[in-house]
Each structure stands twice: as structure tokens, then as C-alpha cells.
Amino acid sequence: MNEFLQQFNLHVDLAIEARDLVRGATGQEIQGVEEQVEKMEQIKITTITIKDPQAVPIMGRPLGTYVTIESPPLKINDPYVKDEIIQAMSKSMTILLNNRLQPKDIVLLVGLGNWRATADSLGPKFIEYSPITRHYFQHAPEALVEGMRPVSGIAPGVLGITGLETFEVIKGVVDNVKPAVLVVVDALAAQNVDRIGNTIQMSNTGIQPGGGVGNARHSLTEQELGIPVIAIGCPTIVNAAIIAQQAIKNFCSVSNTVFNDMFATNSIKDTLSYFGGDLAVTPKEVDEIIENTARIISMGVASSLFPGISREQLELYAT
Amino acid sequence: MNEFLQQFNLHVDLAIEARDLVRGATGQEIQGVEEQVEKMEQIKITTITIKDPQAVPIMGRPLGTYVTIESPPLKINDPYVKDEIIQAMSKSMTILLNNRLQPKDIVLLVGLGNWRATADSLGPKFIEYSPITRHYFQHAPEALVEGMRPVSGIAPGVLGITGLETFEVIKGVVDNVKPAVLVVVDALAAQNVDRIGNTIQMSNTGIQPGGGVGNARHSLTEQELGIPVIAIGCPTIVNAAIIAQQAIKNFCSVSNTVFNDMFATNSIKDTLSYFGGDLAVTPKEVDEIIENTARIISMGVASSLFPGISREQLELYAT
Amino acid sequence: MNEFLQQFNLHVDLAIEARDLVRGATGQEIQGVEEQVEKMEQIKITTITIKDPQAVPIMGRPLGTYVTIESPPLKINDPYVKDEIIQAMSKSMTILLNNRLQPKDIVLLVGLGNWRATADSLGPKFIEYSPITRHYFQHAPEALVEGMRPVSGIAPGVLGITGLETFEVIKGVVDNVKPAVLVVVDALAAQNVDRIGNTIQMSNTGIQPGGGVGNARHSLTEQELGIPVIAIGCPTIVNAAIIAQQAIKNFCSVSNTVFNDMFATNSIKDTLSYFGGDLAVTPKEVDEIIENTARIISMGVASSLFPGISREQLELYAT
Amino acid sequence: MNEFLQQFNLHVDLAIEARDLVRGATGQEIQGVEEQVEKMEQIKITTITIKDPQAVPIMGRPLGTYVTIESPPLKINDPYVKDEIIQAMSKSMTILLNNRLQPKDIVLLVGLGNWRATADSLGPKFIEYSPITRHYFQHAPEALVEGMRPVSGIAPGVLGITGLETFEVIKGVVDNVKPAVLVVVDALAAQNVDRIGNTIQMSNTGIQPGGGVGNARHSLTEQELGIPVIAIGCPTIVNAAIIAQQAIKNFCSVSNTVFNDMFATNSIKDTLSYFGGDLAVTPKEVDEIIENTARIISMGVASSLFPGISREQLELYAT
């Protein structure tokens, strides 16, 4: 699989899919990787911790903790599912933050992605729906409620920033505002269309270059920024090369043909022409899916950052 | 092929691809369909005329004329290619209009599509770049230049219209404003990624339900509206089911396997899960492609509607 | 006063201000005009009915009923004030509709005004916050709730319509969709800055040319459209000529100088230079005021069109 | 005048108006302030240099150079006027930059202001029309033309930044990107409606708190940022208190009444109610004026930053 991904310059964004790919090959547990599964009524929470440096190249991502919240397909609009997801997100934030965030600490929310590309707008939408409070602390503290902390938000991919790297803008803000923690939300690519809008990943390893729909160029990590970075994402696309490969594999399976990697890769290169790995597969109603997912993620993060404050109250502080 | 398309509820938007599919099967010319090819230095213009009602179900589209302008891949930014396309569009408009547009007649431009879905924004962008003059005729005629005609534009898919069918809005405007001709631009789906941003189709048969990226519900045709309707489109997506099928066919060809329709269809249904035919394949830089194509199409239409007026002059009348 | 208004081509949008101007001159009740005042806890509702054609030129507006809802200054964010306004709007809609709207009748909402001019964006914002249901009736009736009616919305002043008169678009929609009633919302000009964001006017006489911030060119009235037109507006600006005149009058009063119309008019013309009556006075935070007022108006209209359905429920049907 | 301005918390943004106010009182030249006037065919360029610290409180702005480019009223669309302004801006930039910008140095463009408030959108529009090149230097140098320098742009007031001070974002970018020079564009308030859209001010003293339409909170100056800051602005509003005062003064003059400051101030406070100095006077067509002025300013700045590269060429690098 790794060679196939390399052929099209692809990245496996979801840790849980990387684990499936590795296990798929060996059929065994992965040395140096711990896993815990929790089932709630509707959703399933898998916590994958990469502990051993030897597992890093195998899993294709850094040491750290990766929480995956999977909701039943087509049910993400269900209020009970939503509630479970928000609860799960809040609990996972606590684990990932690991006591490094104090009640009055400043948090900076970052929404990566591009308003112009619909499948890439999850980050900016997340910022739009998140309660923002820091300006009240500075200019109108009477508008705040007991128990709030200062939270700022930025969506660097929107109009208004040109000729600047997202990383330069974020680092600049971090250096000046000095938040205790960065929470960054980005749209991801999955290996399977079933995961679109359905799988929320949260990790304490930040964003690596080459990942995400927009193909981040810089790392947004604790090493680079000096503060913990919680990265949250949800797939909105699947790469066309992956879909093509799955179709060929399924065909071989159903028609009892031997699947040949090289033939498959060449056939797919032919089909995808000069676009190669630059073709994304998205549902026609992706904007609804993103709208929905952005709301849930913002409520999940907010419920963790503002414990004890009701959702109705928090909504007054969103844009 | 037809059964495959039906399985996923797909429509072949480009007449030239429908022709290839039909000819592919029979290997022969299609009875009741005339074809003319013209090669310019860079581009190729194919005019397909469906003359015989018997050819209508075979071609899957109404009687009429379909002009296809194909530009060499990756060269659509080339100024020489652009100039040839604009020339070709202008000539084709004349043929399609067939003397039914007089110099002072009102023309209504319609840009179908949805601002929120990037791959579907070709129509609204076309309206944005088109010179609009009718309000000057009404309120500031001194701002006009000799040789202009009144042209209005509307992009119904933008924010601001809800609970109304695009068709209802357009018909209402046509009934009140009484333009002599309607020119409607829409994003299309191709059968081949090579055609994305590269193939402009112009016809005098309007827009049929089920066609286009947004899946138009009503016909925008001369029958329904009472005036000639020139439809112009360019593919911005390929359906994922088509990509998957191509990949399987290529694999079979390369590995000397027999291609089996039923196995292929089932494999693809499996891969595409509950989304089925609702998954679109688009290039990551689709917004650039659309920007570019919208500009060229607007210049092509404008050069036909305002003959003898320079492009610099015309640009002053765009939004 | 009339000569002053004519000098700067001004229009008195609020019936209650026209009444004050007329009464101010005569000191008496106006022949042919009836008035009723109702005081709720926070707000005051004045219903002015122009019954006699002779009063039409005096009041500067057509025969009909004009309801003015005045809220205490700076309190329009107060939830109790909001509730009273919504109640009052609902009651007034019933009076203005006068039994001409049946439970299942279609209603078309129109938001006049221009997204690009902040002070003129009340109409488009109103559409954005209004529950829209007609498309569910057509395509997904299971998404509806008992007791709903089909409601569509259109904000013609947004991007996407050029070279067309707002009136042409609206008439076209009315002709095709055949709503039973039109509800149109527009930003108004007041004679007094105190009324900005504070005074909601509702009438059954539609919109006249020359009125509103955008200076409507056509009438949107029952005569022109064939259905009842309920016009709702709230001032967002005061004309600069009016402010200047008030300042001079106040100065004369305080300094015991005789106020001279001609001197005042000439001084103001001098101050306003070539702009004349085209200068608007708005608060710096006008976008907040409009946000707020648009929400209240949409809730007031919705509570009248969808009696018995809760606000939380209705909000699910807004854009 | 100073007391009047203080009463309404007003700021004189244009140095040339501050000079008029000071000179108006004394009738003489201002000690410590040098002035040079140059007349071109259509426009007039006044260079005011505040040299003596004693003149700082009198002029109400820091030591430095202030260039004012005045175009004849209603002629700013005239191509000859445009050309002269662009020339004058280019020359003035050279003077203000004072040899501190080398040919390959990075420049950061900042557009202050708020997209949502029309009169405040000059800055963001300026960024929209400016050629931006730095990303080509980093990722596609072959797309550049001989003689270009790296230029980035940012409009912090647009959606996407909340709970952060504009200053924090800009300082962060300056710290990380290390441009040699900052050019910041902002909408200003004038004392006279004649100057709206007509008067371009350029200075090397940056932006002070309290100035501009949006009332900047922080200084964007060389002291704070460590690099030269060229501030460019054009008035889009006049404060309503100023208009009211002018009207009263004119009335007194025409009616031979003695103008009394206290009476005037109280009359105006009465007229402006609780809004006080927060009311802006803008022309109804302010969005056109801003569109126009933003284009001219961006061409003026670009012609200085990219000498020898044609306007057509430069336009290819704007958003």
C-alpha cells in the first residue's frame, strides 16, 4: 500500500486507517502502539497511542495520542448521536490536554482551510461557530459569564491574506498573544467514503506537512510553536486514486482475478491523466455535511474549554 | 454503457461524449446525426447536428445543434488559445442564433449554479465577468457606446432566493423583461478528466432536467420559455462511478482480464457505498480552472453580443 | 417643511413622523386620519389609518393602515422588549392581512436593499433569518411540521442580478408562483436619530417609489401586483440635510435667534456641497443594529405566518 | 475648534485640514512646520513636514512628512486625473521611503478596516487590487517578471479573526516575515464632504490610535514595529457633529448672527442624541467611491514598488 500511496503522493490522515492498513498486512497488533476502545450507545471511541519510536515510520505519524470518534453512518444529524459525540470530544480533550491548560489560560482556535474550496472549508466554519471571548476580557468584561476563559480564533485561509504562509501568520499570533494551547481544525482525506462526515479524529501531535485536504506545508506542532497543539479533523474527501484502487480490488475479488499492484497503478495513472493524485472525490452535498460537522466540533471544543456553561449561553458568543 | 449510467443515475452532458459512446458501440456513423469538424491552429471545433427524431433517444438529447470547442490540455491559459476560443465561440453563437437576434434586441444572461459549491460556480462567475448594459439604456444612456445592445444578467443560485425554483425566477424575468434570446451557462459533468476546463459546449437546445452539475429540475428551453435558448457549458467534474469504471476497464485491458459489466457495477456500488452516483471527482485547483473558464466564456459571449466593441471597452461594463 | 424636503429631494418614510410634521404645523388632528394608541409594558403601538382621499396629499402617502411599534431607546436587545415587539407585530399582521390569508396560502417574502451598502442591508438580512418552507412542500414534505404553510423568500438586491429592475424580478416571481400575499421588508430613513433601530413600521400600502434608503423606483403595491402587499420597515439612517436643519433650529431656539427657512436651506446646501440630499447619517455600529432588527422582524413575521409553532422549531427552517 | 472636537471625541485625520484649522485661528504660518506645494495639470500636491517637537501638539500628530494629493471634485474617474495621481503617489512614496527600501526587499501591505462596514472597506479593497508576489518567490519563481520584489498583503479586519487585536496579528506577521517596509491603507474622516474620495494622504508616521474610520486602538508606527511604516488614506466619511457645526456656522454667517460655541455644541448634542460623535455622514454611492479610490491607491503603490513594470502586467498579480 505504501508504494501505491507514494505513486500518487498521498497521505493517510486518519490514524485509525493507518492502523488498519498496517494490521491488514501483518494481521497482528502493532509493536509499540497501544489501543483502547470504548463503546457508547451510538458512537465508538478508539484511542491509539504510539509509544515507541520504532512504530513511528510504520504508522507514518509521530509519537502521541490519537482519539477517533466514529458515529454510525447517516446518523450524524441525530441529536442523541450529537450529544454523545460532544461528550466524547470533551472527555478526549481533557485526556489530550493532560493538565496543561489552567482555568484562566488563553486558548487560540485555528481553522485551517480555504473558504473558496467547499470541501476545505471545515476549519473556517468551525471558527465561525465557536464562542470567542478574549475581546470581552479586554474591552467589555461585564459581558462575560462566570467561569469563562479568554478564547481567540483565526481562520488564516480566508480572503485577506496573500503572499503569506499560514504558518507565518499563526506563529506571529502565538508569539504575540501567548496562548497556553492551540486547537487547530482541518478537513482530512479518508481512505473510505463511509468516513466522510462521520469520523472525528483528535490528537496531541498537531498538523504535519502534507496532511489535510489543503496539504499543509508547515508543521503546526508543539516543537515549532512551543505550546501544546490539539489537532482535530474530519474527512470531507477521498482521493480519486484510492477510490479507483478500491474499485479494482473489489472487481478482482468478485471476478476471481488476481489483483496486480503494478497493473492497477498504471491503469489508475491512465484514468487520472495529468491530474494524478490531485483529484478529490466529494459528495454533492458536501457543504451540508461540513456545516453539520463544523457545528458539532465547535460544540465539542467549547464544552471542553467552557465547562459548566450551557450551549445556549455559549452560542451568544459565537460570531 | 446506458445500463451503467442508469445504475448510478448519470447523465452524459457532452454531446461529443454521447457520440463517442454510441459510435464506440457500433463503430459507425450515427443515422440522423451530421457532423462537421474544423481545426484552427490550437483548437478543434466539432459541430454535431441531430436532425432525425430517431436519433434523439440514441444520442440522449433533443434535435438541434451542438458545437464543441476543444482546447489542447493544460493550455487554456495560453493567450493564443484564448483568442481562438473566443473567435470560435463568436462564430458558433452566430450559427446557433440563426438570425433570430437583431442588433438592438435585449439579451438575458443566466448563470446557473451554486456559489457555495465550488465546482458548481461556473455560471455565477460567468455573470460576474459579463458586460451588463441594460440599466444604462434605462437610466444613463450617455454611458453607452455606439453599437451596444441591452444585456441583463441573473445568477439565481446565489444567496437570496429560497423556496423558489430557479426556473420560476427565470421564467418570471423572461415574461416581464421579454428578452429576444436567453444565454444560459452551467457547469457540466464529463466522462473523462481530460475534459475538465478544456471543452466548451454550445447548443441551441437549452438545458434539460437532470443535466449539469447541479442537476437542473426544469427545462430551460425554447418550448418552455418562448424564446431561443443558447446553452453553454464546460465540465468541472467527472462522476466517481465513471472514474471507477474506467479504472476497472483499464485494469482488465492491461491484465488481459475479461471486463464484466455486472461485476464492475457491483464492485463500484460497493466502493461508493450509500453515496452511489452522488460523488463528484474534481481537481484540487478547480476554483482556478473555473475562474479561467468563466472569463473566457464571458468574453466569447460578449464578443458575439457586442461585435466591434473592444475587450478593454467591454470590461468596463462587467460588475 | 415640505419645501425643505423638496429642496433636497427627501421623502418622509415613517407615517408617524409625517403625522408629527403635519400636526406640528396645524397643532390639530388631521382631517380624514384616524389614530389609535396602545401601550404595552415597554413598547407603544400607534395605528394610523388614512381614510379620506383628501388626507392623502397632506400625509404624503396612500389610503391605508400604518402601524408603528416604538421601543424604548437602547433597549431593543432586552428580551422582554423583543417579546412584546414580536407579539405586537403578530397582532398587527393579522389586522393588516384582514382575513385575506388562508392557512395553507403561499407567502412570498421580499427583502429589498443592497448587501454592499451596510445601512441598506436590512431586507436581505431579514430573508436570511426567516423560516422558508416552500421547497419542503415540493420536495421533502416529511421535513415539515403540522400547521406550516409554504413560504418563499427573495432578496433581489444581492449580487447576481444586474441590468434588471427589482420590480421586474419580483413581478415575475409573483406571476409564476402566485403567492396569496407579499411581505416586503426595507430599510427606511427617519427624521430623527432616536428612531434608528427603534421604530418598526408595518403597513398594507406597499412600497412607493422614492421611499426607503435605496429609493425604490417602482411601486410594490396591490395595484401593481394583484395581491395584498404588507410593507415592513425600520429606519437605519437619517438624511444629513435633516440633521443639519435640526441643529440650526436647536441653535436658534437656544440662542433666541429667529429661524429663517431660506437662510437655513442655503447654509445646508453650502455644507452638503454637490452631494445635496445624497448624504446619509448612520451610527458607526449600524451593522449590529441591523443584525438585531432583522432578527426581530423575521421572528415577528414568522410568528404571524406560522402561528402555534415555537421559535426554536422555526429557526431550523431559516437559511 | 479643539474643544468642539473633544466634546464629540473627534480626531482630525488629514494633516492638511489640521493645518487649515490652526492657520484659520492664527492666520499665520505654523512655527516648526514646513510646507511645499506643487501643481500638476489637474491635481495639487502639498507636502507638510512637521520638524519641530513644539509643533506636534499644535498639529495633533507626530513629527514627520505628510503628503496630500488633491484631485478636482467629481473628476477622480477621469483617466488623466488618475494618471497624475498615480505619478504623484509614486514620487511621494520615494520621498517618504527615503532610500530605506532596496530593490529586492520584502514589503508587507496592510489594509485596515472592516468588510462589513461599507465606508470602512477601503483597506480590504486596496489589498484585493494590489499585485502580490511573495508566494511566487517561494513556490513558483518562473511566474515572476524581471524587476519584481516580494510583496505580501493582509486585511486583518475581514472575517476570520476574532478575539485578536489587529495590531497583534500585524506585529506577529512583521516579526516572522521581516518585511523591510509596511504600507498600510485606511479609510479616513474628513472635515468637509468635498474631500470624500478626493484627497489622498500619504505619510511616514504610521497610524495613531483614535484615527481612521474604525478608530484604530494601537499605533502602527516605526517605534512599535521596528520598520518604516507608510500610511495612506482617503476620507470616506465626515462626522455628523462636524456637518452640524458647519451648517450652524454658515447659518450664522448668512443671517448675521453671532456664532456661539457653547450654544452650537449643546444644539448639536441635542440633535445627535445618545449617539454623540458616533454618527458618520457618507454619500449613498460610497461603495462606488471606495471601489474607485482603492484601485487608484493600489496602482499608485504598485507603480512605486514595481517600477518599470506595466500596469497590465501588474494586474495579473492582483487577487
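Just so it is clear, A, B, C and D label the chains in written order, and each chain counts residues from 1 on its own.
One rule holds in what follows: a residue touches a chain if its C-beta (ideal position, glycine included) is under 8 Å from a C-beta of that chain, and two chains touch if they have at least 3 such contacts.
Fair warning: this is a prediction, and the values are worked out from it, not measured in the lab.
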{"item": "Shortest walk length in steps over touching chains, subunit A through to subunit C", "value": "2"}
{"item": "Fitted rotation between subunit A and its twin subunit D in degrees, CA, nearest 5", "value": "180"}
{"item": "Shared interface numbering between subunit C and subunit B [over half = same, under half = different]", "value": "same"}
{"item": "Distance between the centres, which are taken as Cα means, of subunit C and subunit B, whole angstrom", "value": "42"}
{"item": "Rounded Å distance between subunit C and subunit D, as computed from the means of their C-alpha atoms", "value": "36"}
{"item": "Between subunit D and subunit B, distance of the C-alpha-averaged centres to the nearest whole Å", "value": "46"}
{"item": "Of all residues in subunit A, the ones touching two or more other chains", "value": "none"}
{"item": "Those chain pairs that satisfy the touch definition", "value": "A-B, A-D, B-C, C-D"}
{"item": "For the subunit D and subunit A complex, residues of the former touching the latter", "value": "111, 124, 127-128, 132-135, 138, 150-165, 168-169, 171-177, 319"}
{"item": "In the complex, subunit B residues that touch subunit A", "value": "73-74, 116-119, 192-194, 196, 213, 240, 243-248, 250-251, 253-255, 257, 260, 263-264, 266-268, 270-275, 278-287"}
